[in-house]
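Structure below; questions to follow.
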Amino acid sequence: MLNYLAGQWLSDEEATINVKNTGILTGISVYEVLRTYNGLPFAAKKHFERLKKSADYMGIPLPINFDEFLELLLEGVKKNHNSSGEELRIKVILVQSTNNFSEIIVLYEELPKVSSDVYELGVKVGISKFIRPSAALVPSIIKIPGAPWKVLTRKAMGVYYDMLLLNEKGDLCEGTISNVFLIKDEKLITPNIESGILPGITRENVIGLAKAMEIPVEERTVKGWELFTAQEVFLTHTSAGIVPIRKIEDRVYIEDFADGITRILLDNFEGFIMTNESNWEGLSK
Amino acid sequence: MLNYLAGQWLSDEEATINVKNTGILTGISVYEVLRTYNGLPFAAKKHFERLKKSADYMGIPLPINFDEFLELLLEGVKKNHNSSGEELRIKVILVQSTNNFSEIIVLYEELPKVSSDVYELGVKVGISKFIRPSAALVPSIIKIPGAPWKVLTRKAMGVYYDMLLLNEKGDLCEGTISNVFLIKDEKLITPNIESGILPGITRENVIGLAKAMEIPVEERTVKGWELFTAQEVFLTHTSAGIVPIRKIEDRVYIEDFADGITRILLDNFEGFIMTNESNWEGLSK
Amino acid sequence: MLNYLAGQWLSDEEATINVKNTGILTGISVYEVLRTYNGLPFAAKKHFERLKKSADYMGIPLPINFDEFLELLLEGVKKNHNSSGEELRIKVILVQSTNNFSEIIVLYEELPKVSSDVYELGVKVGISKFIRPSAALVPSIIKIPGAPWKVLTRKAMGVYYDMLLLNEKGDLCEGTISNVFLIKDEKLITPNIESGILPGITRENVIGLAKAMEIPVEERTVKGWELFTAQEVFLTHTSAGIVPIRKIEDRVYIEDFADGITRILLDNFEGFIMTNESNWEGLSK
Amino acid sequence: MLNYLAGQWLSDEEATINVKNTGILTGISVYEVLRTYNGLPFAAKKHFERLKKSADYMGIPLPINFDEFLELLLEGVKKNHNSSGEELRIKVILVQSTNNFSEIIVLYEELPKVSSDVYELGVKVGISKFIRPSAALVPSIIKIPGAPWKVLTRKAMGVYYDMLLLNEKGDLCEGTISNVFLIKDEKLITPNIESGILPGITRENVIGLAKAMEIPVEERTVKGWELFTAQEVFLTHTSAGIVPIRKIEDRVYIEDFADGITRILLDNFEGFIMTNESNWEGLSK
């Protein structure tokens, strides 16, 4: 793969940065992860806006505008996708140098393939013993590398697809790579921003899809134990979309969700995101 | 300066790492900052042990033992100190690569000089509006780069020497680069580990000095407002030792601490640390 | 004094209730404390509405309407004030009986006199070590007897006029008998309802007075330590109105507030409340 | 029934107290509830000691010693039990008068009968939306009337046998009238005192029974959601002993616990408490 770094397109081997001259080691960096569909960067505008919000919050100057951002993404796609035909995962990092100058790094890799079992059988998730601070303690919007609760949870992942984190009040937040949704009494319920979550682009699309299908949506604080009184639970994340949950901890959760709301959302998800204009802003398809 | 990286001694300009192949970007790294006194690395054993604890907690394999660690420090000191005669600040970073292999990086720079005004007049500190989670929420021991409360507080520092952070209960924790001590009723009081602090080596030495001088020491939870009912308050950190505080926020704090306990501790600090064997373990002085 | 109980006017000695037949012992009761000015019950409508809110929240039926409530108050004043000419303190208790029937009790006593020193010199207050839960934990509106933090704080009162309580986050709430206000940068600041306070009628009048005088008012979360960076601090409570604070803990606070905003509010307080129509609703003066 | 009040034995109708002269209305009171087995007061010494601890904590003088306390209980039992042959529920209240003098009140009533369905089929419990503060916020030991979270939860009880409360961290505490136990991996797990519970005498006996039967016991913080990953859950309280739970919220919990550990404990409970000397201290059986 070729990656964008210090104004150049560099191979994986050449993609080096100076450790003394950047905010990498002092943590003054924020990032976004995007994916492509059919070689087109998905929801580029939304990711750009979230990156800008994080950057503003952290006081890091953002050296490019959306058009330049999109151009960079597309240039990399051309260099990396066209040769292989594989979908890509694109990591955009904004790092502040020690001299108050900031830099955009764009790293490309092949999008990991998701087994069809994940969608058909659902996955097993655990509940982390580490605490994800709520937005009242640590601002949610900042997508920083190395949040300790995330790193420590990932170290403890074992056989789970992901582990869900609760905040300091015992409210449900999110997984280490995913947002989480519950179906209860025919409603779609998901933790609100205040609970302490990254407001995922896939999460936003699922909420949009549900509204389009006239399924009532509640963004609210969700007690950790509500996971067990819900009828269905699923995850969402960029690389896999909607991922049904079959088991939480060692407790059977959903034996069969064939006719459930999760299945309905799953069946309609790709159609929705592909035709939803807001996901393709800037691209003349 | 020459820095140790990938098994080589490299100049500042050459000190680069691959962004795709390390845990730098995923935050799987821990670090320590040491200083030299007269060109000798201070409290190397204590820093090594703290690094080991962080590494164990994060599940990062530590590829060297203390003897190798000390040898690395000394080799760098020889390369960097002897030429200039300046004291050094040494940053040791342990990074886990993506392939579960870990690497030690040692960066050297000149120790910033501290103005004598700092010790004679004291400094002005603020109270951060950002929250430092207590140890019950986020394990204190892990010294990770980029804790958001630290980064955001530093962005808001303004004219202050440092800003003090309180935890989610309103208890006093620490500054962004320092630990904090109060003198009240002839006792030395400092937040305990549970409050959410990095257990500083200088902090440990000040506690040792106070005990040696038979000044009662309390490590306990300290309410944020106790800063204002104390008779004296001071900071401690590696590069400057003991730093008296003259003002907190815009409120005059200590007009004159000439005869206070802070002054007594300051006057005896260097003598204590230089002669305290535990700070020089491994060095045949 | 004569008191209203079980539909009768009874002397202090006769004022008995059955312990088995009421909610007194199971705590299903709420109360209000009013005072008279010139023998007229102050802010009767506001107290009635607050009682109603508490009762609704606790699910206790309120057996009388405002007119009946006011009539009861006035009847007691006639019986108790006219003989002595003293101002009265009136405690109204709504108790739910075990059989889901509720009862109004009205107790009268002489209003304690406030020494002029309190207003001229100010008072000394402490900070309680007991925690007043915020409204997110325990609904603020319910004025129940025997909140443990209040009872325990009062046991520890010592020489203080009142002690201030902080909530579980270290935010300032209120005293055991008072609300608290800060003056900072010419603004009037007081903890908001969410912090965990009883929304005092005197507090409400002071806010009204400040607004009438075009002093900016902030109702917000106030960190405990802000008590010490304010220029002036005062208490408010029904029986004494505005009470300046001279000292917090053992720290001199305000040497001289002769020309401060507290003094200005104090000088205008009685005039404001006596002429503010909303305090005398239902009374044809 | 005859009740002990103001040094006299009074019928239910005569059992009145003066509202102005006692701490009843200011909440300066603590209480205990005991029951009889075969007309003998159960665990009188343990209840006395807990009452004493509460009284000491609240600073209320306890006007009687254990011998006098037991004598009072027995005298009431003689007066009330012997006539009817029914088991009794005995409420002991210690009230502080306004003049710093305290009084013991002992109220007797028939012990409510427990349907055998409760033991054979188990009960349905809910999870309260009100928060029980942990011991770090509100001292657990004090058994005061009218804790708002308890009163409000009871108002919302509906069809449930009891509702479980979680603390401000989302940890499991207790029911409004009961303690709660989980069976998980053949271990008996129950919230520790720090979580915010009343340390029930029945709870203590169940822990003793489990230990005697060599079932491992864990007193620890229990996340609210662990209720749903346990194999069995049961309540304990004075009047009913061990009460199996069949359902939590609207989720089937235990279909059949016939051979579970709950059943084993239930079958051995009465034998254990009847022969455990510590429950009958002071009684020459």
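In order of appearance the chains are A, B, C and D, and numbering begins at 1 in each one.
Convention: a contact is a pair of C-beta atoms (placed from the backbone, for glycine too) under 8 Å apart; a residue touches a chain by one contact, two chains touch by 3 or more.
The structure displayed is predicted, hence computed values, not measured ones.
Engineer: Please report the minimal path length, in steps, between chain B and chain D on the chain touch graph.
Structural biologist: The fewest steps needed to get from chain B to chain D is 2.
Engineer: Which chains sit in contact with both members of the pair chain A and chain D?
Structural biologist: none
Engineer: Between B-C and A-B, which chain pair is linked by the larger number of C-beta contacts?
Structural biologist: If we tally the contacting C-beta pairs, A-B comes out ahead.
Engineer: Can you work out the whole-Å distance between the CA centroids of chain A and chain C?
Structural biologist: Chain centroid spacing, chain A to chain C, equals 50 Å.
Engineer: Using mean CA coordinates as chain centres, what's the chain A-chain B distance in Å?
Structural biologist: Here the centre of chain B sits 34 Å away from the centre of chain A.
Engineer: Return the distance between the CA-based centres of chain B and chain C, expressed in whole Å.
Structural biologist: 48
Engineer: On chain A, where are the residues touching two or more other chains?
Structural biologist: 168
Engineer: Which of the chains touch, listed as pairs?
Structural biologist: A-B, A-D, B-C, C-D
Engineer: Would you pull the chain A residues touching chain B in the complex into a rising list?
Structural biologist: Its residues touching chain B are 3, 5, 12-13, 15-21, 24-29, 31, 57-59, 91, 93, 105, 107, 109, 131, 133, 136-139, 142, 144-152, 155, 168.
Engineer: List the residues on chain D that touch chain A in their complex, please.
Structural biologist: Where chain D meets chain A, its residues are 127, 166, 168-171, 223-225, 227-229, 249-251.
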